[in-house]
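Pasting the structures in now, so scroll down.
Same chain, two partners: chain A is paired with chain B first, then with chain C.
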Partner chain A sequence: MSVGDRVRDRARSALERLVAASATERALISFASLVLAVVIGTVIVLVGGRMTTCETAAFYLGHPRPFGFPQLFRIGFCYDPVLVFDRLFIGALGDPLKRGWGPFTPFTGGPINPFRAGYDPLNAQMANTLKETTILVFTGLSVALAFRAGIFNIGTQGQMLVGGLATAVSVLWVSSLVSGLVGTLALIPLGLLVGALFGGLYGAVPGALKAYADANEVITTIMLNFVATGVILYLVRDVFKDPDSFANQTVPLPDYALFPSLVFPSTSNFSIAALAFAVVCVFALYYLLTRTAYGYDIRTSGIQPAAAEYGGVDAKRTIVTSMSLSGALAGLGGAVYVLMVLGNYQTGVPAYGFDGITVAILAGNNPLGVGFAAFLFGILKSGTLVVQFSTDVPPQLVGVLRGLIILFVAMPEFFRLIGRRVLPAEPDRPGGTAVATDGGREPDPAAHQDAAASGGEDR
Partner chain B sequence: MSTPAVELREITKRFPGVVANDDVDLTVERGSVHALLGENGAGKTTLMNVLYGLYEPTSGTVVVDGEERSFDSPRDAIDAGVGMIHQHFMLVDPMTVTENITLGNEPRRRSGLARLTGLSIDRGRARDEVVELSERYGFDVDPDARIEDVSVGVQQRVEILKALYRGADVLILDEPTAVLTPQEVEDLFAVFDELTAQGKTIIFITHKLGEAMTAADEITVLRDGKNVGTVDADATSREELAELMVGREVLLDVERPPTDYGEEALAVDDLVVTDDRGVRAVDGLSLSVREGEIFGVAGVDGNGQSELVEAITGLESPDSGTVSLEGTDIADRSRRERIEAGMSYVPEDRQEQGLVMDFDLVENGLLGSQHQAPFTRNGRIDWGRARDHAESVIDEYDVRPPDPRVESEDLSGGNQQKFVVGRELERDPTLLVAAHPTRGVDVGSIEFIHERLLELRAQGVSILLVSSKLEEVQALSDRLGVIYEGSFVDTVDPDDVTEEVLGLLMAGERPDADSADVREADTPAADSGGGGE
Partner chain C sequence: MSVRSALPSALDFDAVDLGRRGFLAVVTIGSLLGLGALGVVFPGSIFGTLLEVIFAKGTIGSALRRSTPIVLAAIGGIFAEKSGVINIGLEGLLIISAFTAIYAMELSNNLWVAFFVAVVASTVLALLFAVVCIEFRADQIIAGLAVWLIALGLAPFASQVIYGAPNTDTVRTPPGMNEVLEGLPVVGDAISTLGGLVGDTLTFVGGLPVVGGLFHASVVVVVGALVEADVGVYLMFLMVALSWYLLYRTRFGRWVRASGENPKALDTAGVSVTRVRYAAVLLSGVFSGMGGAALSLSLGQFTGNGQTMVNGKGFIAIVAYLFGNYNPVGAFFSTLLFGGLDAVQTNLQNVDIGVPSPLVRVIPFVMVIVVLALVGRTRIPSAAGEHYESGEE
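Right, the complex of A and B next:
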């Protein structure tokens, strides 16, 4: 057997192993990937720090000096990788840990309490992280839902913009009718509803094009992103523009129409109520997919359209409804962004929609996973700013680290997706996988009997 | 006697918690065709994978050509002259026959600069070698055709040629007939004869008694991983083989008691269906099935059976004609409405349509009923009930492994089929459309499925049965329509018709007409058969 064959066989069995991994294993694999990304990121930070010039080194590497052994040499680096990752992760949460990371410091004595004295979890930095998380939950859910239905919705960004503008305009329009607490209770639900409605309608367009005109949704959704950006730029600049402002933005919404910040600092543009609503959406979508007949239809059409049709699922209707629902989730993201962060509508909304694609892939398109993936993403996004404030590390390098982490964590899921396509879906396949999954999910012995006896293919 | 081509001695193959092969001895004589017969999951494929170097045996020895061997991988087996053709072909669709056959062993250019690099393939020589090889064994294969353009039967021959090209003397074929039409099966067996005449040895895996008896010289039966006997194909009977396979006496003949038919349940009138290529696949066909009646459709595969069935079940919309269920025209109804009206359907393709491969059996048990009580109320699925349902189907139809949490892609083909049949038969249907209900299923389960079909018939269910197994439709049907090029040549009483007459009808000829005339002009005969009944 040649080396090439061996490599190929190994790659193939690794892929099979990955496809067959259980939920716990997948979580462990993701965590291990994160650690690996940090290790590689450390190397990059060190190399970057070596290639830069600075007056005083931020970090030294030397040999140990037991019993007063003299220091023979040590290497200085301009960037401290420990500090960078400390700021990126811990800083994003508002420094919950003691200096030296609490329990990791040996011989301190006393009860182990990792938290810093006087740590307030309701700090501004945490609020910033959760703000990013909230928006990403919506766009992530939007992409994940479409994925589950077998549709690649790249138009989440456009749907979010449309939903956001519709929210801003509609809330402005009716805000003069109510005010105070009543205004808050009436306008926020109204804004969310309008955002979802318009986002949903804008999602329904590529859905209908796919279902009835057989147009590839990847193309149409990308194009509709441009359409949305262009039309909205026109509308905000020429129709809904705030005459007192130079920027392309609408008149500010009244304060009572915005999400109240509640427990977090009011300057942080974050509301725990919006996060709670996002969490409700996570569970609602999970429930929809796993417990309802409609969710069953969506999942079936997503994995195996022919079987769905056989089972009485109306393929066209499912495409249109799932795209509408996906668009509605994106629209909710836009609405929350307007009602919580912006306070008006302005052009130049960050690419939360595209980040949603990564969040969804990271989460394996599982709604519950979207919650965690969005939180990781939120940490990375807000942590980037903290790193920039507290170190000399250039923002581009932080971007590289962020990209590395996302790439590493997303890769196993990405390969799982590929593996499902590449590995033939045959009854014979378990001949290989059933044997391979022993450590994983211990199937019934009879499963082995049958799979092993009937299957086994050359792969 | 010369040394046997292959000898397996006391092969045992254990997987964690299970013994797939238990102390199996097998001797295959040179130049013979040896059938390995057994039920789904008896350990046939595992044994052959051991011989082909895919699995290492737990104990026991493999002897090829009188020499003891230990194969680490299929490559070692190929080097020792053992080739295997899997049930699912390993061909590259967009590449040509020649490219596929020589893949991995391409002849290199022997001269010029190319020789120095050793990278250039001598396409001309590759083609010549393939042509020479296929002529030597009388294969009719176009070396320049693309794999995606040739039929399954030809693809199989390409696989055989690929093994021969690599120097195989012993060919192992895993369920080679599963994907073939009856005509292609006959051609394959002719290929077997040609190969053995030239000294090659063939081992083929099957669970079909008839094929083993027709094509093989010797038959070895495996049951639960053990060799339960090797018999001479000429000196055995179907009954003996079936008993060896199942371990008890099997009723091969179905007893179809007389029954009173009820009202007309399904009526198809002047149905026309155009397929994807724009061909009229179903051409003005009419039929009716009464309550408590099994109407069989016999014919060579590809004469419009699939399209007929899909038009009735609502997966394809007909161009014209009516389909009525219990007096209501349902031609415009959706698939879901038809399911809700009591139509059950065992589809032709269980892996594409009948099952969602990534779903477990609980979820698959729901397919088609996902919007119906008692499984779903107010749009909410009652998974407890779904689980009970899957368990009862698994239990009754002997699906192995008996675990509702196992994903359907982890089941063998026969067990997948049993689960689909079970789900559809237990739906309490008014009409059952069954396309090849026993395809890929072992003898013991075939018997059970046939019994269940007849029980449903006794309960007054109308059944439309499509099968490429002639003896099956003939034994089960009350009336038998013979389909040819999209319409019925004739509808006959299956108890009154001989296989010869059926064979002629399936070829589009009407034996009652002047036979000489018909043979010269079979197209008009088919056309006149359009009226059918």
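Right, the complex of A and C next:
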């Protein structure tokens, strides 16, 4: 057994222990982050509700009144935080629960069934949530894969745009050759393939710049986002523009070239087939990362580049290929966005790429976690519309919540500190890692012991 | 072979780096001069148009104005990163201070108060970032991203709450330097007399054929831009000088640099790494706050749609200080290059040069990528991004 093989084996076993130990903890931290973000969001809603003016207060806070104790004072707020979060989370699913949330009012009689009678899970709002989820799965996977290779791909947005435009243009060219069901079966795979290809090529650029010119990928990808936006605006405005439209958009694709809506209402721009494809991608990436030699190369390069290279991994090639793959996933997101939501390419695509960063961070860069995180952010995005529609609270609140969630996810030590206060300290716990930009480097064991020791003294 | 390439090339990097950087500077200046010569010789060609745009009176003034928030944020970023904390949240600090400056200006109608409140707001957010990174050992990049996202949501949220729209009402803008000087009792008179005299001379020299053109380009335009610049631009000049002095000529500056390069040594010398890092991150908040205030106050309004009015300036600031090799003066010049490109492309959009405006708009970004590919990576402080745990607790 060569030295390289031994290094590989040791790294692999360390990796596996690390993953097993930290998966639960990460899930817990992500959940706690969400709860904390909602708590702080409530405070922000209340403060905002005091700063703005309104005719009648939507929400009152006062002291409890036991035994008919008179109300001495109470404060009115213009915004109702309970309503906001109710609309945000439950409204996004199309109101599956009864008003007043069923289980919390058990004394009102009747069996406890929290679900609203006549709730149809295939409603338009749910379709909207799943539509957002589908796109976010792709951008989330894109960022997560790059993270695992130790690369911070902020360029997912640009790669997605490039892939989307390439799909819209190429499918339009080919669509006149085929039609009907055959057209659907031929054009959708073609569109996805072209989207992935062009997204991948655009992702390979910062990868190559990092590998061969040592250019910081954070900066190049940010710059390439601006470049993609500018060049695509030019292309859509001057080259591929639909002559019958005033807006900057390409010629609409025929219906048979788009994802069929299947079980959801056809007006919802959502296809369960696209979601199924996204789920397949989640598992495929999980398999790639955990069960293949190439995935192993990616992970070791992310955690310990020097060791990876010592073990025979070509670092430069890994950087370029993982960035290409990451770009391809982003390009797939763009392709799905064109073939499912838009039906052509239009400028002004929402910032799914940036949301993909938050999805990946919340998921701890685990592909399976990306599925859940994308669903959560799908709810947040689609719930924003419900909040805007049914309350006076500015929808930008959701942006703040997103930032807060990421902030808390970034500081697992905060939760560990609380955990140590509440639970007895475990002297020999394996170093759980939070999500990190270096793909989850193992923390310095000495530092960890120090922390554990000081935690012990605190008690 | 693999061992050799696995070793960080930090040791020989400094020497190569300076050479490459210098080479690049020479190439840049050379090509600019070449372009200028072509423009003078063939005034009708595209180079002539370019030259005209570059030396149009508005371009330099606009380059300076555009550079102000970026340079100030970059200075902030330098302090944080030199101390070992990578602050990618500069964008968020700019956003929050740009908004609070306008709100405070409207409440108080006093520039100084507005400025001060904006700096405080940005510093508070920086404090949050510092606590999260230093106390709770958060991943600095992710925490910085969170700071950006929080500010990106919070400022438009507050604007919506207070003004009922993502954009605020407009407020009075700060005066230009000429107005400030003319407002002073004796100096004002002297300046206007002097200005008249100088103006006459300039008109005379400017009237001469070739010499006049060059003279006009180099002196009149630059001086004119400086005289009309608002106080924010002068604040930027002052802060560039001050921060350079602070970082390279004081004991505190030495601590900051040591804290990023070799925290253990600093710790051994009896200086608290944690405290130095807190101070440096708070300073990044102070400088970014100045930048955000200068940005929104100079326009008299905060616009909060999409990426807000800050629109990536915080990220460009990071690019600027990396180019400038963590030197405030270097950051200033690289920003000026970028701000200049940006101003030129804006003016180019008005002049027809046969290139569509969306493509002209990407020139500065392509330039950054090209330069970055040529210069390669800057040597970041060796302990940047890492949490430091003192041995004694």
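In this section, the second predicted complex is superposed on the first by the 356 of 459 C-alpha atoms of A that agree within 3 Å, B and C clash if a C-alpha of one lies under 4 Å from a C-alpha of the other, contacts with A are read in each partner's own complex, and residues count from 1 in each chain.
Basically, contacts are C-beta pairs under 8 Å (C-beta built on N, C-alpha and C of every residue); 3 or more make two chains touch, one makes a residue touch a chain.
Since we're looking at a predicted model, the values are computed, not measured.
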Quiz prompt | Partner chain(s) touched by A:400 [first = chain B, second = chain C, both, neither] | solution = second
Exercise. Figure out whether A:291 sits in contact with chain B (first) or chain C (second), or with both, or with neither.
Key: first
Practice problem: Determine, under the contact definition given at the top, whether A:118 touches first (chain B), second (chain C), both, or neither. | Solution: neither
Practice problem: For A:216, select first, second, both or neither according to whether it touches chain B, chain C, the two together, or no partner. | Solution: second
Quiz item: So, A:310: does it touch chain B (first), chain C (second), both, or neither?
Solution: both
Exercise. Return first, second, both or neither, reflecting whether A:180 touches chain B, chain C, both chains, or no partner chain.
Key: neither
Practice problem: Figure out whether A:300 sits in contact with chain B (first) or chain C (second), or with both, or with neither. | Solution: first
Quiz item: Which residues would you name on chain A as touching chain B in one complex and chain C in the other?
Solution: 306, 309-310, 312, 434-435, 444, 446-447, 450-451, 454
Quiz item: In the complex formed with chain A, which residues of chain C make contact?
Solution: 2-3, 5-6, 88, 132, 136-139, 141-143, 145-154, 156-158, 160-162, 166, 304, 312, 315, 318-319, 322, 356, 358-359, 361-362, 365-366, 368-369, 372-374, 376-378, 387, 389, 393
Quiz item: Can you list the residues on chain A that touch chain B in the complex?
Solution: 1, 5, 9, 291-294, 296-297, 300, 303-304, 306-314, 420, 424-431, 433-435, 438, 443-458
Quiz item: Once bound in the complex, which stretches of chain B touch chain A?
Solution: 13, 15-20, 40-46, 49, 52, 54-55, 72-76, 84, 86-88, 90, 225, 315, 334-336, 338-340, 345, 347, 349, 351-359, 363, 366-368, 370-371, 376, 379-381, 383, 400-403, 406, 409-416
Self-check item: chain C partner contacts - residues on chain A that touch it in the complex
Solution: 44, 48, 51-52, 152, 209, 213-216, 218-220, 222-224, 226-227, 230-231, 233-234, 237-238, 305-306, 309-310, 312, 315, 357-358, 361, 394, 396-404, 406-407, 409-411, 413-414, 417, 434-437, 444, 446-447, 450-451, 454
